[in-house]
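The two complexes that follow have chain A in common; it is paired with chain B in the first and with chain C in the second.
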Partner chain A sequence: MTLKATFDWTQEIETITLGATKANGGTRKVAYTIGGGTTLPFLEPAGAAKAPLVAFEICDNPVFWPQVIRDYCGDLTNNPADWAKVAEAQYGADLVRLYLTSTRLRDFSDIGSVKTTVETVLSATGLPLIIEGSNEPKIDSEVFLKCGEAGQGERMLLGTAEAGRYRSLAAAALAYNHSIIAQSPIDVNLAKQLNILLREIGVQRDHIVIDPYTGSLGYGFEYSYSAMERIRFSAMKGDTDLAMPMICSPADSLTVKEVREHEPGLGDEMAVSWEFYTGLAAAAAGAEIICVRHPKTIPLLKQAFANLLPAAGNAGVP
Partner chain B sequence: MRGCRKMALKALDIYKLLPKKNCKECGDPTCLTFAMKLAGGKADVSLCPYLDDHAKAVLGASTRPPIRLVKIGVGERSFKIGEETVLYRHEKTFYHPPGIIFRIPDTLPEEEIAKITRRVRDETFTRVGSDLRFSGIAIENTSGSAKTFENAVAAVERQQCHLPPVLIAKDPAAFSGALVHCGSYRPLLHAATPGNYKEMCALAKQHGCPLVIRANSIDGLVQLVKDCTAEGVQDLLLDTAPTTLGDFVARSTDIRQLAITRAIPELGYPVYLDATATGSQDAALILGIVKYASVIVTDPLTPGPAKAALTLRQNIYTDPQKPIQMNPGLYRVGTPDKKAPVLMTVNFSLTFFTLQGYLESTRIPCFMLIVDTEGLSVLTAVAAGKLSEMLVRDSIKKFGVEDEVSHRKLIIPGYASPLSGRIEDATGWKVLVGPRDAAEIGDYLVEEWKKASGA
Partner chain C sequence: MTDVEQEKKLGNEQMKTRITGMGANFSYDETAYHLPVSFALTGIGVHDQKAALEVYEKTGGNALVASEIILAHETSVKGKEPDPYTGFVPDTILRKLGYSLVDGSILGLALIIGKPQNADSAAAICRELQEKYMLTFLAGDVVQSLSGAGVKLGLDYRLIPLGSTPFYGIHFVDIIARVAMMFGGVTPGDMHRLLHYAAERAKAIVIAFPGLTPEEVALADGMRVLGIPILTTGDYSGGDWITAAPTDIVRRGMEEKGIRVNVTAIPIPMGCSPAFEGKSIRKEEMYVEFGGGRSPAFELLRVQDASQVIDGEVTVIGPEVDSMKEGSANPLAILINVAGKTMKKDYEPVFERRIHNFVNYGEGSWHVAQRDLIWVRLSKEAVAKGVKIEHIGKLLASKFRMDFPELLDAVSVTLITDKEKVLAAKVEAERVYAERDARIKGMKDDEISTYYSCTLCQTFAPNHVCVITPERMGLCGALSWLDGKIAYEISPSGANQPVERGAVLNPITGEYEGVNRFVKKASHGEIDRISLYSVMECPMTCCGCFEAIALMLPEVNGIMVVNREYKGMTPSGMSFSTLAGTIGGGAQTPGFAGIAKNYILSDRFLQGDDGIGRLVWMPSQLKEELKERLEKILADRGMDGFFSKIADENTAATIEDLMVFLERVGHPALAMKPLV
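What follows is the complex of A and B.
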């Protein structure tokens, strides 16, 4: 007799491909397939289990980046291409997530630079990319199109679509065959609605990653944790509009009081702890891409995932 | 779920089994109201003195909480675990946060032992108005010597901290000496195994202690539960002896699910986790907190993981239906004078403490006017109609704000801007709409408030 929990799940999580290798028309050294889950996180049978991916977040204008990361990464923060290279070679990231923070400067108009930045980062690293475009509706359309074009054939993940602002992003993704991040404010129903909107304008389910929004640890994380569990649960119970993989970015965790006002000398430790505790808990709730900003959080997450999946599940296809 | 899932009895089914005397001896006005309480797991069958044996047997098994409540330690720092009813916190809530226990190997020098013990006694981390603390001390017989073990336990107890103890040893013979020093404090004993359960049960019974049983399969645990309860020990914890994090998550989920559905009543006990055994201690702590561990033993934590672990535990064990609230009122940041700004916000603790944190770092003395939105955040309160101009007007009166400041200007949260006109009309105060994000309050006060107040 073997006693096991049994669930009557009826629906799998959709699979999504991130990155394209040469064989598939891109230039990435590696591509990943995420999703495909058939039960709760980390309960998949050996062989089918996959480790969540760890994305390292970089930006093209560090003015908008947390001080603790600027101190730790130093000059790299002024050069996204070098930073991406180090993220791959030294930090051990699975993905690079590039925030085009320069577009947030007042009256930003140098749209051409967006394309160059994406291109240099693409040639600096062989990892698949996530690109965070503009934050400003007026320039969204141009920025997203440039990003999409620069990464044509690379199957990037583009962000971030929201209920009021998804058309230009979706257009760029559709035109150049990229996937998109769909973000809603910690609410299962809103996540579902946005996915329906996206579907109605032609974005396929296997091109959507849900971002239920990650409140920071200590400042609302419990709501995000439950939103993720509920999305995963609804998906397994058969709701195809929620059956997509999820992404978690604990970026807000680096600005909470405990990290901001750390004791002298403990800045890195607090930042890493806050990211790690949030990221791993989110993975347990169902997130399959965990984004981090502190390089030292990466090995902690990867070690934990390896330990969770003794059968060495790896989504990578070299 | 399992086919043989046994559901808790419905109130009416329970009522049928009661004596229907309506004698009130159970403390309830009628048998029916008592039945309703039983159905909700809110009363104990033994309160009715007139039940026949058949009713006792049926009700005892199905109204007992699916996971047994176990108390660790005695006195102020004792804590309760178990009595959980759901797999997901959003289905209801998680009730009893896991005890996080610092482990001391008995080979440590006495000063070290004393230091760690005092740390667990004294260290508090205050978040959103609650004092978060570590829960107790585990002494492990790493030396293998009963004498060393006893000395270490004595060293802990000499500190007079009365922290819930956990005693960990492989050899049952090692416990007797240790129990001389803490046997009356309800220490948790670790662990009974198929080989030693008789001796461990005898110890647990003699001292009235809760007992951890340890086996690396669910079936093994079920057998041990049967054996130990047959020996007369009821307060049990289950250690699934995981060697990887994956083992822990899988077994802990199995236990929780099979217990709350009452599919396997023998699994209805809280789970014990040794976070040091999987090679990734922090990761084990995190997964223990989110995936149903009730006692987690870890090596003493450095400040980052210490705060993060206590915070995660607080988050996960917050009732999703009951936001943590502040008492409405007028609060001071620094020592504000009559010209100091007044900032209005809601009584959701998270909102209060977030705003307060930013206000403190501006070092500008001010007043915070906290209005009663029943614990809802700004946006949620606005959306739910819980934040209104009348509420603001009444709060200004009730908390005597007009006597505290000489000006009549109120800064409201950016997200409450739709209400600004109405608040002005209702209160006669000039309303200034602040930033949406509290992080920007410093710049705002420096620039806008100075301008507005003519300073």
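What follows is the complex of A and C.
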């Protein structure tokens, strides 16, 4: 006997295109369409089911990066272009997420460097890019303008819009046809409100990815999980303002006590475990993109997703 | 004096002649939008005379289309004008301009055309536009006048010289048309969407100096169809152009188009933040005080016509703080005048309540109570730092503008400290208070078809929905129907949404089809029905913020109310906190309802449960608080003496005592039909 796994849902998740290949005016080797789900994660019938994408996070100033990753990746952390290249060729990432951490330095003013960095990373990898811009409202306008310009035609995903500051991101998305990450602090209503604000300013629904904010497993992830569940339930029940794909970054899991104060020699193992289990849980809650910082987490997640997807010919829940 | 209507007619005819006699091909460089105005309006990409004529006819000889065709033709024949004129602005630059508009670093667009009589006043207008974050385009002699007056031009200065004649002003329109297509999702040819976008979203104004040819008048006047106001300093008559003095023309135009400058810093010598809100100023810390029963003091906020409110103006009438004796009580009147296109008289009391919050935001200022009961203090520390009465005015003027940028265009504050003048102004204030009371009192649920929801508490009570009506305020006691209405207008996507009442399902319990539909959706499908006025049948859900709980006592066939402040045991056998834990979290619990204390005074209270006659018990403190008002209401309903039949913890501590008490006083609930 099989159960119907669509539960009378009425609404599909919006589809979003990440990256543009030559045929579509970009230079990416690959482009993805995420979203389009009609039911809960991993319950789609074989054929329609898609594994979540795994993005590898890099940055342009490792001062702000977890020590365990700096130790593991070594010199690469000082060269975002090489790092992105390795993420594609060796780590097996689907996407590269570049944090412009250099803009977080006190009194940062070298706006021109933002454009150069984005351009170098774009030419170093053929994967679609996620760009995390400024963290400082004062320079948002200039930074996101540069990001938008640098990636024109590449259909990047730009982050991160919040309720108090989304205008520059929205402007960059509108002017240069990128998508944006809309983050709310683990709250379904705030997630919805931000999406409405973005809609009002003119950002189309197929250009928004929800970031419900990801707590670390054991340190509040259950709140994120519950917010994600509610976002997805509301979406399936017909709330178009929440019917967008979700992105989760378990970055917080690299700063938990167990990872920071690991036993000698177990640093990588702890980091990977924490990232993996948080990321896997986020995927089970419905995330379409999981972002990680430890290269060794990538194959583990991919293997787990493959195991969770239905085998061909096995429709519905057994 | 130029007659706009007459010139426009002439201009349109002249353009028609020029267009029909025009040959050759033409187009703009570096754009994907062909001739943008024509393309946006009709979806036709004009590149030759045939298409040009087709568009011209299709749009009924529109002056904007005509101007665009003529200028594009001229440009292709004669080439672009030399520097400093930009001529047609390419798409790549426009993308950046559009970015700044969406991102808010540019607030709006202005076009200045014609020949100013006075270069200095034109320069002053430009300076004001720059200060107000407007991006200004220039066309005609104004460019030379400004250069002559030493004004720097260029994109970096937000002053862009389009061309040597006002006719180049058409580029202003092709910019708006392209922004609409690039950023506004307007599809070429969708004229309706374009006009809507231009009118609602494009924040644009035109200032016309003298010397426009008939064709240029027709062009400028044609922009009104896009919702762009045309302002002049008084050289044009007729038509719908607005005349304003040079010193007022920018303010007038921005107001007309609803373009607002955000206030970010408050120029006062003390901190101002919600962080200071809870800090009180004790007697020994106080330098001076006002009101609190020690001296006459009151506050009044009123909506005035925009022409009567000068934004940011603060006036102090009477002695300043430095001539007041330390430790003294002084008279004070806080009079605030506000103006805004969408401001309504109904909002006055809600805004007036904000004076309380704002004054408390000041690090050294403190405020309690309202209307003519206010009590205000300034601390020694603040006065030592140079804080004056005037700064309270500045704080209020700035905070109102900062917090309500959508509703308020101008705020001015007058502070009176002269006793005679305070008393004189108070007479008028009392009249306004009385008028407001009458108005609020007069609002009845059944006369209004739109209620407001509140889902603010869904952060912790995920499926809770409050439905707020004029006669039943939010259960927290903090949000009235008017507050909900205003909150919705301020933030249309926020936690307060309009709820259309819809068909009446039960007028007694207050069940409505529209309300049910809304609640079902807003509770994520959890709650199917609610009745607005019943505790017993499908009561509203409870978050956790309720001021009081109404609950049934089946043993005595009545309903009791217990407020949050009451710490003792109730006849139900449960304390407030135990009860609150039982019914909160967004659940619907028949027999229990969270309510605001003031709701007890509403005509709708317990309407669905056979009326207020069901009320059998309240803590004595709550009884005391409501006594005066409730007794009057009961008397009006012919229920004299009922108040004393309501028991409290002193007359009935347990359910057994309560039964005895109710029988002794002959409480009406005992004779009513069984509750369950």
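Structural remarks
One rule holds in what follows: the second predicted complex is superposed on the first by the 303 of 318 C-alpha atoms of A that agree within 3 Å, B and C clash if a C-alpha of one lies under 4 Å from a C-alpha of the other, contacts with A are read in each partner's own complex, and residues count from 1 in each chain.
In this section, a residue touches a chain if its C-beta (ideal position, glycine included) is under 8 Å from a C-beta of that chain, and two chains touch if they have at least 3 such contacts.
Computed from a prediction, not measured in an experiment: that's the story for all the values here.
In the superposition on chain A, A:F233 makes contact with both chain B and chain C. Look at A:A163: by the touch rule set out above, it reaches neither chain B nor chain C.
Of the two partner chains placed by superposition, only chain C is touched by A:E200; chain B is not.
Once the two complexes are laid over each other on the shared chain, residue contacts for A:E258 go to chain B alone; chain C is not touched.
Once the two complexes are laid over each other on the shared chain, residue contacts for A:K4 go to chain B alone; chain C is not touched.
For chain A, the partner that touches more of its residues is B, with chain B and chain C as the two candidates. Within chain A, the residues touching chain B in one complex and chain C in the other are 230, 233. Within the complex, the chain A residues that touch chain B are 1-8, 40, 42-43, 49, 217-223, 225-226, 229-230, 233, 255, 257-258, 260-261, 263, 266, 269-270, 272-274, 276-277, 280-281, 284-285, 300, 303-304, 307-310. Considering their complex, residues 95-96, 98-105, 182-185, 455, 458-459, 462, 493-495, 524-525 of chain C touch chain A. Contact residues on chain A toward chain C in their complex (touch as defined above): 140-141, 144-145, 148, 167-168, 170-172, 174-176, 187-190, 193, 196-197, 200-202, 204, 230, 233-234, 237. The part of chain B that touches chain A in the complex is made up of residues 1-2, 88-90, 127-128, 217-219, 222, 244-246, 249-250, 253-254, 256-258, 264, 267, 278-280, 282-283, 286-287, 289-291, 302-305, 307-309, 311-312, 314-316, 318, 320, 350, 354, 357, 361, 439.
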